[in-house]
Amino acid sequence: MNALTRAADAAEAVLSVTELNRRIKERLESDPRLLQCRVVGEISNFKHHPSGHMYFTLKDETSRIRAVMFSSRNRRLQFQPEDGMRVIAFGSVGVFERDGQYQLYVEDLEPDGLGALYVRYEQLRQQLAAEGLFAQERKRRLPRFPLRVGVVTSPTGAVIRDICTTIERRYPLARVVLAPAQVQGPDAAPTIVRALELLYGLEPKVDVIIVGRGGGSLEELWPFNEEMVVRAVARSPVPVVSAVGHETDVTLCDFAADVRAATPTAAAELVCPHQAELRAYLEQALARARKAAFVKVAWWRDRLSDLATRPVLRDPARIIAARRQLVDYIETRVREAQRRPIGLRRRTLAELERRLQRVELRGAIQARRRDLMRLEHQLQSLAERQVLLQSRKLDAMIGKLEALNPLAVLRRGYGVILDEDGQSVITSAQSLVPGKRIGIRMHDGTVEAEVKARGGDAGGRVEQLRLDL
Amino acid sequence: MEETRAAEWNSSGWTFEQAMRRLEEIVRQLEAGDLPLDASIRAYEESMKLVKFCREQLDKAEFQLEKLGQELADESVSP
Amino acid sequence: MEETRAAEWNSSGWTFEQAMRRLEEIVRQLEAGDLPLDASIRAYEESMKLVKFCREQLDKAEFQLEKLGQELADESVSP
Amino acid sequence: MEETRAAEWNSSGWTFEQAMRRLEEIVRQLEAGDLPLDASIRAYEESMKLVKFCREQLDKAEFQLEKLGQELADESVSP
Amino acid sequence: MEETRAAEWNSSGWTFEQAMRRLEEIVRQLEAGDLPLDASIRAYEESMKLVKFCREQLDKAEFQLEKLGQELADESVSP
Amino acid sequence: MEETRAAEWNSSGWTFEQAMRRLEEIVRQLEAGDLPLDASIRAYEESMKLVKFCREQLDKAEFQLEKLGQELADESVSP
Amino acid sequence: MEETRAAEWNSSGWTFEQAMRRLEEIVRQLEAGDLPLDASIRAYEESMKLVKFCREQLDKAEFQLEKLGQELADESVSP
């Protein structure tokens, strides 16, 4: 207002845009109310520039302001701002002279109200999850037929009423043991923990525990996000059903519980069976048992009748028949084989006979006959030759003798004078005395003679001639 | 084992849950068909007793609420 | 061995299942034809007794089942 | 040896199976033709007796079986 | 030796197999041709007798077989 | 020696083979030509007797063979 | 000596071979020509007798040979 008034006062004084913007800037930045102010609004047009600076608009139902948060500031943010998020921005108003724009230079930013709780919630969830508190493998199955159902909730609220109604209706066998607790407000968490501890130490034991309260804001449900409560639920010795808030509200208690129910009534239904179903099951079980027993008997009966009607039992003659066949078969074989020893031997005998027939005794005799004949001929000729040889030898001898015949000269007219007895040859005339009887041998005979004279009277008288040869 | 169980059962200190579980077991065994013949019959007999017991339990059940005493700072706050 | 078995059987402390197993064994042996002739005859005789015994057991079992079922039906009607 | 066997045989404590085995042995011997001639004849004679014995055993067995089967049939009809 | 054998032979307590063996021996000797003439003749003569004996034995055996077969056939028809 | 042999010979326990061997010996002696004439003649005379003996043996053998062959033929035809 | 011989000779137990040897001796003596004529003549006369003797022996041998050969031939034809 001051500036405008001043412009009206000095009309002739014309400012450049730059001068004007500088004046605006000086003015704005010197107002302590615009320095270090807190602004609540909803983020829109959020841009996270590559330089790291964040540019966005803060708005409410009727107005908006540009905002920038430099990277040096936003690096420490615990959450990621996004469009539609209600935040409380802390910073100062400044002017960007080039564009003639004023904007909020944000130094810190936090989610507005619920947002802060949400951050805590998230941080705790991550921490406990890292410890394994929510691990799927820790989840236990609910007992199927609980006798005692522990409930941790407000003793005056609708939750216990809903649970009791449901259990009474469904499963009157179960007794509900209520461990009262405060379910909202800053002091709620310790009471919840104490109630749980009470139930844990109870004798006789409860079979299952329902932890619950009705729907509410995040702040109202907050005790069930408190670390002490979550840890208490996680260490429960019996299965825990968590039924906190409505279906859309998820508390850390839900994560730590074994089962999460959307509502307390749903929790009660989860915790116990419906007696109608149970009665139906009982009927069914009986029918099934009966049927199974009968089936078993029938099955055995089938097996028995299968065995009893096996051909071998129904018609035991088969046992015999197979053997009869064997006997017949072996008899056939015996009958076929009976003549075989004889047949074999007949063949052997026939073979021997054939061999006997082939033995040429006759031939052997003929051969011997031929040998004999040969010997006979040999002998004959040898014997003949022997005689012939001797006779030739004799002939030769005769020939020689003929040539040597001392009387051969006689043929030429010589005669040999022999003495009277014809034994010795008279070789001297001296021995021839007249009257001596002598023999004269001529070539063709000997004559007897008598010496008549000797000497001159050469002619002797032959008295007698006789052939002696 | 079946003998033992049946005996146990008759001594009757059983809970509803034990009875139900036993019933379920018997039904399973019977349906599996791996019980001997006489055991099957006995099992069926037992199942009848169990069903009877369970039915009676259900019939005579009365709902009860037990409240544990814990001093609460501010009961009136709760919704 | 068959002798012994047959003897055992006659002393009759057998269960239905044992009887059935023995029956099956006998049938198998008879079908295989590897029993001696006289043993076959004895086996057949034994099998006849076993069939009879088993049938009786089954009849008894069925009768018991029927009776039990009847008891239950009576109970569920009467009370 | 055959003599002895034949003697043993006549004393007749033999089973069907023993007789059949002996028969098979004889057949094998006859088929091989390695028995002396007179032993062959005796073996054949023995085999004929064995065949007769086996048949008688089978007849006896069949009669017994039929009787047993009949008993069973009677029982299963009557009761 | 042949004399002795022939004598043994004539005393005729011989079996068919002995006769056959002797016959084979003779045939072998005759085939070898190393028997003296008269031994050859005697061997030949013996072989003739052996052949005759063996033939008779075989005929006798065959006759016995036939008779046995007949007896058996009668038995299996009549009873 | 020849005398002795001839004497031995005449006592006639000789076989055909011995006779043949003697004949061959005589041939050898005659071939050698160193026998006196009368010994030669006597040898020849002996050999002739041997030849005669051998012939007779052969004739006898042949006759026996004929006869045996005939007998066998008769037997194998007739029975 | 010759005398003696001739004497011996005339006593006639001589063999053909002795006669032939004597003949050869005579031939040798005659060829030598140193015998007195009358001795020559006597020798010659002796040789004549020897020749005669030898010839007779040979004739006899020849005759015997022929006769034996003939006998054998006759026998082998006739029987």
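Order of writing sets the labels: A, B, C, D, E, F and G. Residues in every chain begin at 1.
As a working rule, a contact is a pair of C-beta atoms (placed from the backbone, for glycine too) under 8 Å apart; a residue touches a chain by one contact, two chains touch by 3 or more.
These numbers were taken from a predicted model, which means no experiment stands behind them.
Enquirer: Taking contact as defined at the start, I'd like the list of chains shared as neighbours by chain E and chain G.
Expert: A, F
Enquirer: With centres defined by CA atoms only, which chain is the most remote from chain F?
Expert: It is B.
Enquirer: Using only Cα atoms to place each chain's centre, name the chain farthest from chain A.
Expert: So the chain farthest away from chain A turns out to be G.
Enquirer: Examine where the copies chain E and chain F touch and state whether the two sides share over half of their residue numbers (same) or under half (different).
Expert: different
Enquirer: Please tell me the distance, in whole Å, between the geometric centres of chain A and chain F computed from their C-alpha atoms.
Expert: Distance between chain centres, rounded to whole Å: 95 Å.
Enquirer: Taking each chain's centre as the mean position of its Cα atoms, how many Å separate chain A from chain E?
Expert: 71
Enquirer: What is the distance, in whole Å, between the centres of chain C and chain D, each centre taken as the mean of its C-alpha atoms?
Expert: 34
Enquirer: How far is the middle of chain B from the middle of chain G, if each middle is the mean of its Cα atoms, in Å?
Expert: Once rounded, the distance between the two centres reads 162 Å.
Enquirer: Among the residues of chain B, which ones contact at least 2 other chains?
Expert: Expected reply: 37, 40-41, 44, 48.
Enquirer: So which stretches of chain A touch two or more other chains?
Expert: As it turns out, chain A has residues touching two or more other chains at 286, 290, 293, 297, 300, 316, 319, 323, 338, 341-342, 345, 361, 365, 368, 376, 380, 383, 387, 390.
Enquirer: Per the touch rule above, enumerate the chain pairs that touch, sorted by label.
Expert: A-B, A-C, A-D, A-E, A-F, A-G, B-C, C-D, D-E, E-F, F-G
Enquirer: Okay, in this complex, where on chain D does chain E touch?
Expert: Answer in residue numbers: 36-38, 40-41, 44-45, 48, 51-52.
Enquirer: Taking the touch rule as given, give the residues of chain C at its contact with chain A in the complex, in rising order.
Expert: These residues of chain C touch chain A: 16, 20, 23-24, 27, 30-31, 33, 37, 40-41, 44, 47-48, 51, 54-55, 58, 61-62, 65, 69, 72.
Enquirer: Would you pull the chain G residues touching chain F in the complex into a rising list?
Expert: Of all residues in chain G, those touching chain F are 15-17, 57-58, 61, 64-65, 68-69, 71-72, 75-76, 79.
Enquirer: Of all residues in chain A, which touch chain E in the complex?
Expert: Counting only chain A, the residues touching chain E are 335, 338-339, 341-342, 345-346, 348-349, 352-353, 355-356, 358-359, 361, 364-365, 368.
Enquirer: Where on chain A does chain B make contact in their complex?
Expert: 143-147, 154-158, 164, 167-168, 171-185, 187, 191, 194-195, 198-199, 202, 213-214, 216, 275, 278-279, 282-283, 285-286, 288-290, 292-293, 295-297, 299-300
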